[in-house]
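The following blocks contain the structures, represented as structure tokens.
The following pair of complexes shares a single chain, subunit A, combined with subunit B in the former and subunit C in the latter.
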Partner chain A sequence: MKKRLVWILIVAVIAFAGVTVGQETEDSVDPIVFEQPVLIASIGQSAGAQQARILAMKAGLDFTFEQRPTVDMLDGNATLIVVLGASSKGLGAAGVDMDGEIAWGIELITRARELEMEIIAMHIEGGARRGPSSDLATTTFALLADHIVVKGGDPEVEWTEAEEANGNADGLFTTIATENEITITYIARTLDAVEVLQQLFVVETSD
Partner chain B sequence: MNSYSGKRLMGLLLTLVVTAFSIGGIAEQVATSTEGMVASAHDLASEAGAEILAAGGNAVDAAVATAFAITVVEPNASGIGGEGYMVISLADGRDLAIDYRSWSPGHVTLYSDTSTRVGPESTCIPGVVAGLTLALEEYGTMTLAEVMAPAIRLASEGFPLDDVLFSRLSDLYGYTDAGTDPIVGPVYFPDGLIPEIGTIIVNKDLAYALTLISQQGPDVFYRGEIADAIVEAMDGWYTSADLQRYQAVDREALISEYRGYEIIGTPPVVAGIVVAETLNILDNFDLSVYTGWDDPAAIHLIAEALLLASADRKPYVGDPDFYDIPLEGLLSEEYAAERAALIDPTQAMGPKKEIPAGNPTPYIGVPVGVAGGEESPSTTQISVLDADGNAVSITQTLSSFWGSRDMIPGYGFFMNNEFHNLNSYNPDNPDDVNVVGPYKRPRTVIAPTIVRDLNDEVFLVVGTPGAGRIPSSVVGTIINVIDFGMTLEDAIKAPKFCSRVAYGELRMEGGYSEATIEALEALGHTVKATYGELDLYFGGINAIIVEDGVMVGVGSFRRSGGAAGPE
Partner chain C sequence: MSYRLSWSAACAALVVVLGALCVSATMPISHDIRPGHGVTELRWLSDYHPALRGTPGDTPIYVLEGDEPGGSFLLLGGTHPNEIAGVMAATLFVERASVSKGTVFVIPHANNSASRYNDGTYNETSPQWIELTTASGEVRTFHYGSRRTQVEDQEPDPEVFVHYPSGIEFDGKEARNLNRNHPGIADGTLTQQISYALFQLVEREEANVVVDMHESSITSRLAHMIVCHPRALDIGAMATLDLEWAGIIMKLEVSQEEYHGLSHREFGDYTDAYVFLIETPNPGQERSITTPDVVNDPLAPLADRVRTQISTFTTLVNNYSLMSSHDEQIEFTFPFEVHDLVGSNLGEYLR
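Take a look at the complex of A and B:
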């Protein structure tokens, strides 16, 4: 319990720092352009991060994928992508529990901020990857990002994919983005993230 | 020309007829029919069985069709690289069982390491193809091509991905290096990502394998090109001779009685004996005086009976082809009374892990050994009943979800990982009846069951996946129906608990009242009640009951099952 309180305080400090750096909301004029190279990591050890690796490959990013990197691995990268989603099997395979994962995630993001890296939070497994543990990762880390990518619907727009595929059915990500003035992109299908990444990193395509 | 080739042309023609004109029902969570019923872990598999019933097939035909179809639509839980056990109750009064449990390869020895959970060295010789074709040949009425047609269609034309398989594919994606595995990737992750829910999942390789089997019979799997592919993929773990040697076996069903109902279950090396002994012990108590599933006094008695029966499993239950098993003693009323006398209604036995096995030998005089053992964690259940009163209960498995994680290249199915269910040799336990050896069946806890009523008619067809929770969930469902008078739907939905020596605690699903949990703790039970409501940890019962001549099929509420009957 004490540990959880300490984390909440740390998160609050990091969140405040993030806001003072000055983030743009979706209504603002200048979208953030993220820089490469990129480090992709998982917080929660679900299959989402491995999918992000494939998406980054398809998007043509200069990236490194580490399921659970050490803070030293941040060196030399300009952007950190944290893929949020808790898997008990994945956590078990990594030999950690969710409390340990949260503590490690805070350490990672704190160091990324010290290195003045930009951070993207992705949740790309839809409603199937919502639940208490995944939501703990989301509510702890999404508000620390400079941009959120979520596989789920904009509450203002009708969701036309399978209900279970909507990771934002309750508007959690929208609320976090709004309350923390973070830009957000909604995708309907995982593969749509390729184009989103190309736009965020201004990758020129052959099309 | 083998016996299947002779029927081939006619079979293909009939397949077309079946596919074009039969009207199987649309699966629902709870379905009713007077013409037959199929309940399984997937709507489309139940519909495949219903389609066969509608075309005039009997329960065995429909069960085999459903069992092949479930290997396509629930490939994580069972497959032709897996194994199973089938209990059949025929309308002519015969009750029987078909053992298609897997065997260890011939080269293993008493000193082989059984701890591996993935890869070729975790696998046993698969039995599904032999078992299903044996059942069809002996007790079915249709050709293999006819009953396999729905499965082949599902594999070749595809089926929409639901949220349950999506979650399992997410697991597999992690196991196969983000779906980039050159064998698994093209089948399940064609664009490198986990497919979206609703995506049509096509497995052409599996369709090809199933088509070969439908045309050439089991020989193609155990002696033909599929056997060659298995031997090559298993990289020396099997020989061709191992596969050729495999046989499914007809066995006598395990018959016991509870409150006058006849319980037809599986003989060893699976857990029908645990279900039967538990119910025998409970026959010494009147559970109907209790208020129902949430009554702590009833839970206490059932939990203690399960504990005693599970304590007897390890010393006495081994592969019947290798050991004499004191079944007569274990199933005797006198022995059950002796075990029941150990239950104190006011105090839990304990510690649970130290509950000793009983001694059934005075009741028959068969020598016994002492053993330890494990169980299969992930399975699937199929229940079928036809209009003539023939019933089939099948539990099939790969052991873990996705088995050994080895897909046979070009044939689209996964191998089981049953080998870990045998025990490595332990010099401190020299009489272990589940110790590893060549061509042995590992001991597991599956327990497909059929119940005949006081009029000797099939009343209930039941079974579940769920590893160590299987016997308790089967027993709990039977008691909910017979003692507490619940409908099958309510009996299945009611929270479940598990009591067995391996756990050392009473594990309870969400939904029990606080007062009940406190009362059980006051009786001395160590209770673990951290599970959710309708938690798939407690299984996924797919069952059929007959109520006033109407068959009611219920698909699992814990694992998105479905039931369907002919329209």
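Take a look at the complex of A and C:
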């Protein structure tokens, strides 16, 4: 418990630093242009990270995918994409529990910030990947990102896809983005993230 | 005198009935499956493990070989025969699909012993049979089986079932669960021998893809899920994106290393195949539903579940083919839009 409190304090400090450095919202400034190369990692070890890998491939990004990278693997990259979503199977396969995953995630993001990397948090598995462990990953790490991509609806806009596909039905990601002044993109289908990544990284497309 | 005669007649009748039961309990049960034009050969599982011949564990294998050589795909229904959408998706494949490239091996009743009757596991009121009406008005009946090999077909359950070769321990009744017995044992229990024969098939036919179709309860987190062996995760990830685009939302999970005995783990570990397990939601497996309608449930009708199974394995195989060399690709089609199964009378698509 004490250990958890210490981590939360560390997260709060990092979050505060992030907010003071990057006070940008969709309304006030131009969208951030993220730089390549990119390292894609999972926090929570769900298979959604594998989907993100396919999305990055389709988007034409210069990227490396590592489900659970060491901090050394950040070197040489300009942007870190963390795919949020907890899976007991994935955590089991990695041989860690959620506390260990949170500690590792903080270490990774702290190092990424030291390297002055930009960070994108993605939650692309919809409502099926919501729950206490996934939400712990979200509430701990989404607020540390420079941009959030969520498969789910803007609470202000009617959601027309299947209910279980909405990863933001309770507005959690909207709240985090608003409270921490982080830009956010809502997608209805996972494949929509291809276009979003192309826009975020200004990837030229053939059409 | 007449009293004594009637007793004798009754005893004789009993002997005949018991004899018939003995015969039926030692023979593989048959099913109403009507192979379509795509089926090029009928084999038996015992062709891959002769010790199974004539036992309740033997089961037909429908082979659909395309004109063009290619890869090979094993489609399993009825590993748990109460998970009826997999059985019916395999049946529909046998009756209607055509393979243009590669070879598809379809086993609609992977555990044929368990297919014989429904022992009521999970829901005592789930049916023994389902009825489907074809386009010509004929009513066809299909067994709704059990989760496990029938008790009378195998030696009594041990107190603890120790999986071979991992040594992992399960509850004793899991000795009869095909999806806890992989990769099987050649001279083991009936369930272990069924598994062994399936592995022989995959090895001998050099199957590139194995799909094992299952169902869960409606409220289970497993519902609408693809579980992939780690080597197959790329293909699974690509398939879930394609499926979502087609309006089918499937969760993606990777098979854990300690999931010994399960198809998605063991076929992937012991063979070169890319292995997937598909789960759709079955009201018959929901304990809280007192009288489940496994065919016409308004939330999860059988036709919709069969559509999900077919669309999912088709998308998995298509993505496998995208990543494979020309001579290992697999192509098949149905003479109807699979999406049209949604909300349909499934029977109208059968022969």
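In this section, the second predicted complex is superposed on the first by the 206 of 207 C-alpha atoms of A that agree within 3 Å, B and C clash if a C-alpha of one lies under 4 Å from a C-alpha of the other, contacts with A are read in each partner's own complex, and residues count from 1 in each chain.
Keep in mind that, in the parts below, a residue touches a chain if its C-beta (ideal position, glycine included) is under 8 Å from a C-beta of that chain, and two chains touch if they have at least 3 such contacts.
The structure presented is a predicted model; accordingly, all values stated were derived computationally and were not measured.
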item: Joint occupancy of subunit A by subunit B and subunit C, clash or fit; value: clash
item: Partner chain in contact with A:Leu200 - subunit B first, subunit C second, else both or neither; value: neither
item: Subunit B versus subunit C as contact partner of A:Ile81, first or second or both or neither; value: neither
item: Partner chain(s) touched by A:Gly92 [first = subunit B, second = subunit C, both, neither]; value: second
item: Which superposed partner A:Ile54 touches (first subunit B, second subunit C, both, neither); value: both
item: Partner chain(s) touched by A:Glu164 [first = subunit B, second = subunit C, both, neither]; value: both
item: Subunit B versus subunit C as contact partner of A:Ala112, first or second or both or neither; value: neither
item: 115-123, 295-303 or 331-339: stretch of subunit B that collides with subunit C; value: 115-123
item: Shared subunit A surface residues [contacts with subunit B and with subunit C]; value: 47, 50-51, 53-55, 87, 89-90, 93, 125-126, 128-129, 162, 164-165, 189-191
item: Complex contacts: residues of subunit B adjacent to subunit A; value: 163, 166-167, 170-171, 173-174, 177-180, 191-194, 196-198
item: In the complex with subunit B, residue positions of subunit A that touch it; value: 46-47, 50-51, 53-55, 57-58, 87, 89-90, 93, 125-129, 161-162, 164-165, 189-191
item: In the complex, subunit C residues that touch subunit A; value: 224, 228, 230, 233-234, 236-238, 240-241, 244-245, 249, 251-258
item: Residues on subunit A engaged by subunit C in the complex (per definition of touch); value: 47-48, 50-51, 53-55, 87, 89-90, 92-93, 125-126, 128-129, 162, 164-165, 189-191
